[in-house]
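One chain, chain A, links the two complexes that follow: it is found with chain B in the first and with chain C in the second.
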Partner chain A sequence: MRWDWHDRLHLLGLVVVVAAMAWLLLAGAPGDSGARQASGIERAMERELAYQARAAFLQQIYGPVEELRRQGQAQQALLMLEQLNRNYAGEAHGYILKGLILHEQGVLEEAVASFVQGLRLNGDYVDQRSPLSERARIQNAVDEGLTTLGARARANPDNLSVAAALRNVYYLQSRLAGGCE
Partner chain B sequence: MNEILPVRRGAWLRFLFPMMTLVLAVVLGGCEKAPSGPVYRIGYMNCNSEAETMHRFLPLTRYLEKELGVRFEAIPVDTQDFVERYEQGEFDFTHTNAILYVILKEEQNLELLATEKRGQYGSRTAGALVVRRDSDIQTLEDVRGKRLIFGPQLALQGYAAQYDLLLKAGIDPELDLAYYAIPHGSFKHEKVIYGAWFGAYDVAAAPVLDLEVMIAEGKIEADDFRVLAQSEVMPYCTFGAAPRVDPKLVDRFRQALLKLKPEDTVEMDGERIKVLNAALIDGFEQLLDSDYDINRDLLRRVNMPPYQEF
Partner chain C sequence: MLMQREFWMIMAAGLSLGLLGVLLAVWGNPENSGICVSCFLENSAGALGLHANERMQYLRPELIGFVLGAMGSALVFREFRSRGGNAPLGRFGAGFFLIVGCAIFIGCPIKLFLRLTAGDLTALVALGGLVAGVWLGLRSLAAGVHFGMSSPQRGGAGFLVPALFVLMLVFALAQPGFILASTRGSAAQHAPLLLSLGAGVLLGVLAQRSRFCITGGVRDALVLGRRAPLLWGLLAFTAAAILANLLIGRFEVGFYGQPGAHLEHFWSVLGMALVGWISVLIGGCPFRQLIKAGEGDTDAGMAVLGMLIGAAVVQGWGLAGTAAGVPFYGKVAVLVGLALVLLTGLLLRERTA
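Right, the complex of A and B next:
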């Protein structure tokens, strides 16, 4: 078989590309395990920084709501949340805060529904290690829901709305137990 | 030749007839069937105005027709006329506020179907007494001798709840205020809130839901007002059925409401419209009649229908 000038040109191009890729691999990869470890730490730090920045941002945005809640002005806090929703609709932190306030007001079904919406967006709120964790309060809502909504569902087995509310409680229970979506 | 021709013509017809039948079936199957039979009348209590009521509830009425396969007529009704027109047998189904539901339940045995969900408290909301942020009024006690604006008299969370809050605080609205007023015309709840905002009144009796909606729409800011006092949360607007309506139809009506999802649409005037979005509703909930006992207790305390005593 004979190689004409066209085949030779392709072969040369192929060799150049393979050489370039090999060089990139060697030059781009860390030279030893120490460098690899350093890169890993860097990534972990970046993740941590991003997490801290998010927590600080949420504190800044939702701080006034938290403050009103601490002062016992639950309705004013809910109205402030409504205003924040104009810019941050669908933020998990807003749903969790709303759930906490509604639960404190005794509006259990809506509180549970709000926790569900928040946790579907971000599971950090039931993670014990997370600074955002509201695990204990969500557990309280679940305990109360199992008792009161459970009794209501048993007394009204054909009521679809009560059944839906109880399903929300079960969902929270599963997330607290470590279940995933 | 003469013997063959009739056979050919018959074969052609035998092919054409099933094909035409198939085409007709496909065409008819693609059309939405118009319901037939008696017309059931749904009385919709005007929330803000007749035009708004029809804009909100016509798509829902078309959805119910489609789901149940029966004809419905949507009728906007003034709140003050509702009970009398219901008593005259004008409506088979009702959509009213929670006071009218209690009146019709107690006096006409109206059956509870479903309660609409809207806002932060779902199927419930509260009544609040609010003042401008810069007001000198800090507590309910400070309301004595001030100007107050209530919502319409048959509004549970716009009138009765706040009347009750004042009575509980030892303030008789009939004796202890400088004066109180009730706005005229449409969009009364918004007028109440703007009445305090523009300083015409010192205190406003606002349903929490209306505050939420006005904030969400950017009409007011959350910290424009301070909440002086707030009632418990109580069931809100409610669908009911007259006891004469076939129980099977009533049950199907309820199921159709409960299964409504935000993505459900109807075709109206050449447009595809989202039913819940048009109705300004988040969904429906199946409450129990006993959930309305909190409303009943409140109405008894403020001496309002159906428990009014003279």
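Right, the complex of A and C next:
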């Protein structure tokens, strides 16, 4: 292959551009925080901050409900949750909290349904790494549901409401089992 | 057949895929998702900032390993050929809808078998869809439907897609700030980087040498029956994965409560039928497309790019199936995919006068 002036010029240009890029990457990468932010390099930290802020916001909004729950005033807590769920429709936290209260009250079917609503909106509540995780308590509800609702479904195969409740338990079981989704 | 080196290469690829598919989940990948090309593409698209699902962002080293392992193997054994140039946009669209079909089922054909070998019976139903799709693809080929023959490409075009994966390797190793990584959700679950990369490279080399392909195995079984080496590779994959799952204690038979599975069987069947049909038309499942792209096949490279964009779209638009079921627009997307495959059957059919 013969190299003419066109090839030599391109080769020279290529060497210059690659060298300039290497120099830029090695010497000129943004080091200070301001420049990093300007180039969008701290997105991960920003996202983490936003997540922590969200968790704090939820704590603030739903804190009074948690307090009533701790004091054993389940009915008042549920009433307050109804109001909050209307104001913050689409927020999973209220449904999870409602599920926890209902489960403590022994209302398993409704508790499971409420967990399902919450998890469909936000899967963080079964994630061990999340500060919002309620994995252990949801697992308890599932274990109980598989035993009691499973037995009831076998005894009454035509009962549609029990079948629907059992489907909800299976959904929770599947979410707890993990997988990629 | 037993005397042929190719047969044993296929068996080695099948056994390795089954074993590593299970072990990668033990080492940290999501349950039943030790290897899943579609899930990994969705994760990688998220890591590159192509979608905003914060639970699905991680640059999966296995994918990089598949392509670069295949490229290395093809270069060493002098099988790297820049080739392609046929119906590039059609192949891009085919890659896109391959991922739509996979996302509806929640997994690629490899994951279908991994789910099945862990006892997930919902995958058994979807397997019916995959086989039906492959059969439809074969009928289409027999009727003269094809994307055209590939031809040699100039200018090192075959290196472009592997170069993209080299860039991803740099990103995976250097971890620049603009590459996103989930801190929760399934993408936060991953095996150690070098282990994933090593497994990917090994599988990439074996798959390149053996031409291993899941839908190829099904196709050859339908055409050749027991004489098809790829069928035995598929059986080796299945046996290795079942054995590994049994030994590790991850074998739970049932329809309910399976990880990353839903009970909308009709849509799983349709999704996998779409995957099987497209795979036969473009010459391989999503895994095989990655391997062929690593060998310099720019047609497969276009399918890979389509798969990457499809992965971003199914997450960005919320089309992907979840344990809750298949979203409405996910169902619409599968039907659109099937309509386009049918249209392709009309438009790309070579008719004799």
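Rule of thumb we're sticking to: the second predicted complex is superposed on the first by the 137 of 181 C-alpha atoms of A that agree within 3 Å, B and C clash if a C-alpha of one lies under 4 Å from a C-alpha of the other, contacts with A are read in each partner's own complex, and residues count from 1 in each chain.
Here, a residue touches a chain if its C-beta (ideal position, glycine included) is under 8 Å from a C-beta of that chain, and two chains touch if they have at least 3 such contacts.
Keep in mind the model is a prediction, meaning the values are calculated, not measured.
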*Does chain B (first) or chain C (second) touch A:136, or do both, or does neither?*
neither
*Could you say whether A:159 touches chain B, chain C, both of them, or neither, answering first, second, both or neither?*
first
*Contacts of A:27 with chain B and chain C, given as first, second, both or neither*: neither
*Residues of chain A touched: more by chain B or chain C?*
C
*Is A:170 touching the first partner chain B, the second partner chain C, both, or neither of them?*
second
*Just chain B (first), just chain C (second), both, or neither: which does A:73 touch?*
first
*Can you name the residues of chain A that touch chain C in the complex?*
36, 39-44, 47-48, 51, 116, 120, 123-124, 127, 129-130, 167, 170-171, 173-181
*Touching chain A in the complex: which residues of chain C?*
30-33, 36, 39, 43, 54-55, 106-107, 111, 176-178, 180-181, 183-186, 188-189, 256-263, 320-324
_Complex interface listing, chain B residues touching chain A_ = 120-122, 124, 126, 128, 208, 211-212, 215-216, 218, 221-223, 226-227, 230, 233, 258, 285-288
_In the complex, chain A residues that touch chain B_ = 73, 75-76, 78-83, 85-86, 98, 102, 105, 107, 109-110, 113, 156, 159-162
